[in-house]
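Following are the structures in question.
You will see two complexes here that share subunit A, one where it goes with subunit B and one where it goes with subunit C.
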Partner chain A sequence: MNQTMNLGSLITGSLNDTLAVSLPLFRTELCLAATIVLVLLCRMLPLLRRLDAGLVALGGVCFALWFAWNDMRGIPVGGLQDGSAGGAAIVRQELFGGLLVFDSLTAYIRLLLMGFLAVYIPFTKASGIPDHEDGADFYTLVLGATLGMCLMASANHLLMVFMAVEMASVPSYALAGLLKGRKASSEAALKYAVYGAGAAGIMLYGISLLAGLLGTCHLPSMAAELSRVVDAGSASGNVMVLALGGLMVAVGLAFKLSAVPFHFWCPDVFEGAAAEIGGFLSVASKAAAVALLLRICFGLGVPTTGHGAVAAIGANLAELGSTRHFIVAVVGLMAAVTCTLGNLAAYGQTNMKRLLAYSTIAHAGYLMMAVAAAVAMVGIDPAGSRDAVSAVAFYLGTYLFMNLGAFAIVALLRNRLRSEEIDSYAGLVRSSPGIVIATGVVLVSLIGLPPLAGFVAKFLVFSSLVQAITAGAERPLMLVLLVVGGFNTVISLFYYLRVLKVMTFDPPPADRPGGEFSLVSLPGAIVTALVVPVVVLGIFWSGLYACAQLAGAFAS
Partner chain B sequence: MITSLLASAVPMSGLLAALPVAAVNWHSVLFLLFAAVACACAVAVVLADNVVRMAFYLVLSLAATAGLFFLAGAEFVGAMQLMIYVGGTLVLLVFGVMLTAQAPFVAIKTSTGDRVLAGMVGAALLAVLLQAAFRVEPWRRPAMAAVAAPAATPIGMALLGVRVDEPVAGAPPAAVRSGYLLPFEIVSVHLLVVLVGAAYLARAKRRRTPRAIDVAASSVGPVVTAREAARSSASALASGGQR
Partner chain C sequence: MSPTDTLTQPALWPLTAIVFLPALVAAFLSLPIVPKAREEFIRWTTLLTTAVVFVLSLWMAVPALFGPTGPAQFRLGDPSMQAVVKLPWIESFGIEYLLGVDGISLPLVVLTTFLSMLAAAASWPISKHVKAYSVLFLLLVTGMLGVFVSLDFFLFYVFWEVMLLPMYFLIGIWGGPRREYAAIKFFLYTLLGSVLMLLAILMLYFTSDLRLLSDEQLVASHVVSPSLDGAARTTALEAVRSAGRPLHTFNILALAQIGQLPNSPFAAAQVWGMSLETWAFLLLLIGFVIKVPVVPVHTWLPDAHVEAPTPISMILAGVLLKLGGYGILRICYPICPGAGLSLAWLVCGLGVVSMVYGAFAALAQKDFKRMVAYSSVSHMGYVMLGLGVWSAVAGQEYRWDAWAQGVNGAMFQMLAHGISSAGMFFMVGVLYDRVHHRNLEEFGGIFGKMPVYSGLAIAVFFAGLGLPGLCGFIGEVLVTLSSWNYSRVLAAISAFTVILTAAYILWAIQRVYLGAEYKGPHGDHLTPITPRELAIATPLVFFAILFGVAPQILFNYVTPTVNRQVETLADWTRRVHDAPAAPAVAAVQQDMAGQTAR
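Let's turn to the complex of A and B:
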């Protein structure tokens, strides 16, 4: 009899949690799921089949963007500006019984992803890679993958972490093979799928080790258990298993981030798949992976307080110090190697997409540096830690425009020149100066030179490293990271500028197909829409930075 | 040894019950039998040269693993293992392998160098994992606990979002314990998307508008639409190999 009463209250509690709390904050994802169904339904009905799948998808994404924007606006700004601890203003809401979490980082990344889709869908319409027949499949896959990425940004439970990674990855494998019949494309898809399956398997094993040892998959509870287990002493042998599990989870994350040594898929997939897919993978997938990295690093390394959290069961900041040390060492070392190898390997590339793939790898390194700094400063300089997370968020915001701009230029030039080799861009400035200027802006911003957005982003990342050094958080490693980062910025100068040199100084080939590429056309308008923010954000960056700071507030 | 590995792979307390302690009983005999079959067949998958045989050994290995789950009292996991893995591999065997395996692809030959390299990597990984599994005290302890109730009901309720099972001893308390309604529902969206992707890749497409590969590549020029241009340039980029 007691049992039945319990069951009733359990059901009521779960119903309340789901309907009143969770679903309203989950409407962006619900909107995406509804759009997927709508896109597919439209293809089944004879009249609606004429309707372009891209338009349906864009409509749904606009709704989702609106919801994401409202969620972001609903987060109170106060408490941060005045430099106080900011604890009161932090919104943290666990959804679905702790499987997901809604906070300012979730809202920011979600808004970023929806904004990305709102730009990306018109771009794919202009570049013409999913034609009318492929449209429904293509947009279903893109929306499905983005749904997974939203979950990656809000995962609060290792089950959801794994599931979100798979939801984001598996549609991407199919996207990589979008150009059926092309050997390179099929090869890219297969390679991506095999690598992804291997990484997912290793990650799952790591998750099972962690869950088996800690007795829970809920990240805040895991942090609490971690502080107990690690505190019990390393003699018990548990610590070695925990480290092994952590490293195995890191393998899965590194695969999503395309961090060295799990980056091998990246250049091949980018070269084999269409440039549109490269843009999707390098911007959206990367943003979600970095958000997930932040989630796991902060989830395991920092005890969670605040509404809806497990009431801080004995976990305190100091006890998790060794966990954080481990995380910082792994992320920091990986960041340094990733950044250097990405930049060095970009030198020998003759294919523009391959070059951008290595550039993507290098940028993952810069982002991971800031993540390492953010985790290192927890407990030593909370404001610095928040700033480092803001730097990551800002970087992702500008990276959207820079890198999608770069891939858009590659895709649209491919339509004219029938080639993606750097040599085929020779002397383009004579026939189409507009596109060369756009390329110049994007590449210089990717280097990180003022006065463009990339400079501000890179400056924020490096300043967070400096902040960590002054605060004395993991000082040797942060010094190494700062030196490596500076060195890499210099060497990246050469391979980006080589592209510009080919475009401007080299004589154009005699048999160049296609006419001039004017910016006053639909493709040109897309490029302009992506490049202008790169310039504008380099000068008026306070608006985006305010949003990024809001996102950074999650690391309180 | 196997149990320790399994315990780490599927963290269910019931699994720990499978370690034999006392005199030989049928439980231990069955455990050793299933474990031996699972290991031997797993090795056979790697060593076999013929694809069909590989798939058959895989079915045996997975079925034996399901037997281990049943022995451990995790009958839900065992049933899932049978349905998803054994059933799935069987379908793979029948359709995937037997229908598509043609003479050049039936036999897979591995070079000696690859074998040595794979063996070294595999042995290193096994050593690390074994050491890890044996280091954790609770995973090493032989225990023979009685399995309380059928595990399927609590799992089914959890999939509906309500957790009726008793919390594991020592687990941190929580206000609302996480049910699995969200993963259960969201994975259906995922499966839908993946099905669409698989259908796209598998479909032999009969295009209404002929692909630019098939028309002459002379339609190049400023007048071509973006769509045609993208199609044909994509094909022009192909490094050979359009079939």
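Let's turn to the complex of A and C:
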């Protein structure tokens, strides 16, 4: 770029950028990486072999959580409330020469992922998968995948996007096959890997198309370039190729989001793999995928200043209108189909994990609706756009508790009943009322009924859609999404309630193994720790929403 | 307002206790320290809780009984919102913990607490999972009371939904043979309605703007608390005025003020070729009429009623159906007056159709409880008609007194039906507990075996029939009279329906209570009424007679608020709807109306 710059100053500049700016903001990931090494060392050194890998991992995660929390606290709050300040205090810092970006969304998702791990590791200890022998493998894979997810949330470069997706996916394939002796588990892992490889290939092809036409993979530079290419009007053929490239990138994202029509792996993997893995994939992986979706949608649709791309924001914002229109149409239509199909397919399920898999798919649909609304409102109602991103962030925050709670209950009941079929839960309320109440709270929250956290999340998603409608942004599509969302809420009632119906109305089988499941036990405490926030966040949601609003500030 | 001031609001603890005491006790009862086996203790705790809540609500409603002991008590004759509680909840959305009662909601609150107490007493025969039953029952009570007192739309919606789940389980676990079907049907219908309602709420929220309101309107709708004065009030008003972007609100009173503005943003915004006001009115109306219920969305009701255990049927018929009417009166019309005006034919038509259909369906029933359930459909039709004629007269001759008559009649009908229908379901339950069937064909001769019970039952059924001197009469006659101004055909039909009502009730009385002797199954179980049952039936009969003889007791509460709301909307109709067309005539009429009002 700057030809007068000699090699020496280039190296000094780059070193300075790395050491002074990038590494301090990257310490959460570094801490995770160090923990992975430590866990592996534990396995190799005879002295440390006795040490429990889970505890080591938990210790490392606690440090990472502390760093993530401090990064989040460092985000300034000012200037966000009334929107008049236009988000003057927004932090946006590119790391490692523009490959990653640190902003409020990065900080929020990272905090969410670390918080997830801090709950998840104790839960896996309590549920008994993995056993001591597998512990080191398991936690290495989990931490490695989470590291990839952190990178997904902060990717600012398509190459980094691809690397992060792969880094999150490959350990997940191995995790799906964790139950080595079981055929279903191996099948799930294979299916997941093949499907994932296919999706990754298509995504890479899309990335190369985009990079070839735009001459860069750096998202802000791509946005600047796009605004030039798309609105020039001369290169209509190029626009077709760009759209194709965009769709191919969308395939990769849809695979991670388990969005229809790239969702087929999800029920099979969830059913085959242990419930613990399902919980990991449906919460952490989903959060990272949604963050990545936001990154790419906003990265390509909204010009920002960045490394080597000093864009004239005002002019480009309008010029990128057609790009955003395209993004909103793709994301919105996919959201409507995903949501509806997920809910309809869940209706016929008899296996609890499979049912939750379809529920995960449906919830991806709701999340994508808010993403579509957020992108649609860019340039029309900036405050509304921020609110929509906040809705997504809030949804992810509550989803952590609801869905991990659901999978935790499945895992703990499996230990007790040796079954994950819904029918095997019949009449559970007679012997273990506590766990049935917990299940009730979690499932009703997933339906989205007040006064539980799931309602607030859904309320925020619907309100961002209505906000888009009143602002006149992509109105027909947003109206359709609103109607589809409402309709889906009603039909989702059936299958969630059916589980509760079996648990409470139906008589218990005569030959039920195991005894009472009391909440006063270690597994019970985990379930309680996951379920109580679902209730509390449904009533006092100001705090989490304030954090989510910080995350939403990235969309300014 | 500083945080310390907010906790000293006079009505904060009384209203909060009325709403949340049942939930609190439910939480206590659900703890493992309360052993399942101590059923008597749990039953008594439940009954005592509902009794305390009833006394609390009486303390608010009838200061004369207790002596004037606090500013939270109701001032008779004051039409405005009283005992308002206002605490911030979710500031970023302007959601508040905003409660209050007026002449429309307070009688319904007392009805709810009264029926809850009786239903708790009627729950003694329930012996299956008493602990879970009591917890769910108390949660249900919290939900119902919360709906009636909340003035924040978000809070209203939360309470509205909180009722669903307990009701689902109460029907689904303790119900009759087809309970699962009935429970899911109830849940599904209501959830569909409430999702539509949520969409309407969001549309209204994002279109509303507090900055459009004048200072007086802001204070009247409690956006700026009236208890503030001087500098504090100026600061609060200034905060609204100086907002840089539209200030959205969930405050129901403020939304009504905004909806009645000449330049209402609800009327201006267009969605798919209709004004947002019309959409919101329709969506809210669907949500509410499912609860009322109105033909053709009534089909959940006979199933739910028939399958539900007796106390839950009492609550369903006595209170839950009123939530729909209350919502239409409190929310639909004041917030969307324009749509209410143009869709009056729809509301009135639905009312009359339900009235006639419900009556004919009741005539055809073989199941005693099902017959009573269909009588509810028919009776709630009067409520719809009474609420509908309110807006209907516009365009012909302005007679706000006729509209007020209809709305007052509808309110009275709701309260009277709360007593008579709960009574009828209880009476059916008493019989069912003894003979375990409800087949009308197999009854007969009950009078001979249970004379006291039969006397009380016949009194309650006559109240349902609308016999003059009993509570059912007043509401029906007022609604029928007022509808005459709107449409003589509808008035004639609704008057004719009274004959049908008489037919099915008299026929039922004849088949069940009269006759030579009981020939059905379990004849030897027909023991005389127990003291507990007597203690539940007597107050119901007492109030059925009292409100029939002295309806003024209720009208003293209802009329001031209803009349003021009707007058306001009548003014709105003149000012906004007809003014552009014929300003001179409207002005003259306004003058005349002003004179009559004086």
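Simple rule for what comes next: the second predicted complex is superposed on the first by the 534 of 556 C-alpha atoms of A that agree within 3 Å, B and C clash if a C-alpha of one lies under 4 Å from a C-alpha of the other, contacts with A are read in each partner's own complex, and residues count from 1 in each chain.
In this text, contacts are C-beta pairs under 8 Å (C-beta built on N, C-alpha and C of every residue); 3 or more make two chains touch, one makes a residue touch a chain.
Bear in mind the structure is a predicted one, so any value in this text is a computation, not a measurement.
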item: Contacts of A:Ser322 with subunit B and subunit C, given as first, second, both or neither; value: neither
item: First, second, both or neither for A:Ile11, with subunit B first and subunit C second; value: first
item: Partner chain(s) touched by A:Thr489 [first = subunit B, second = subunit C, both, neither]; value: second
item: Which superposed partner A:Leu159 touches (first subunit B, second subunit C, both, neither); value: first
item: Touched partner set for A:Thr528, first subunit B, second subunit C, both or neither; value: neither
item: More subunit A residues in contact - subunit B or subunit C; value: B
item: Overlapping contact positions on subunit A, where the subunit C interface meets the subunit B interface; value: none
item: Subunit A - residues contacting subunit B, complex; value: 7, 10-11, 13-14, 17-18, 22, 29, 33, 36-37, 40, 95-100, 126-129, 131-134, 136-137, 140-141, 143-145, 147-148, 151, 157, 159-160, 163, 166-167, 170-171, 173-175, 177, 179-184, 189, 205, 208-209, 211-213, 215-216, 218, 221, 224-225, 236-238, 240-241, 244, 274, 308, 310, 313, 411, 414-420, 513-516, 522-523
item: Footprint of subunit C on subunit A - complex, ascending; value: 81-84, 383, 429, 433-434, 437, 440, 444, 449-451, 455, 459, 462-463, 466-467, 469-470, 479, 482, 486-487, 489-490, 493-494, 497, 501, 504-505, 520, 541-542, 545-546, 549
item: Contact set on subunit B toward subunit A in their complex; value: 7-11, 128, 131-133, 135-137, 139, 161-164, 168, 170-183, 186-187, 189-190, 192-194, 196-201, 205, 207-209, 211, 213, 220-222, 225-243
item: Of subunit C, residues touching subunit A in the complex; value: 30, 32, 89-92, 132, 157-158, 161-162, 164-165, 168-169, 172-173, 179-180, 184, 187-188, 191-192, 195-196, 198-199, 202-203, 205-207, 243-245, 269, 271-272
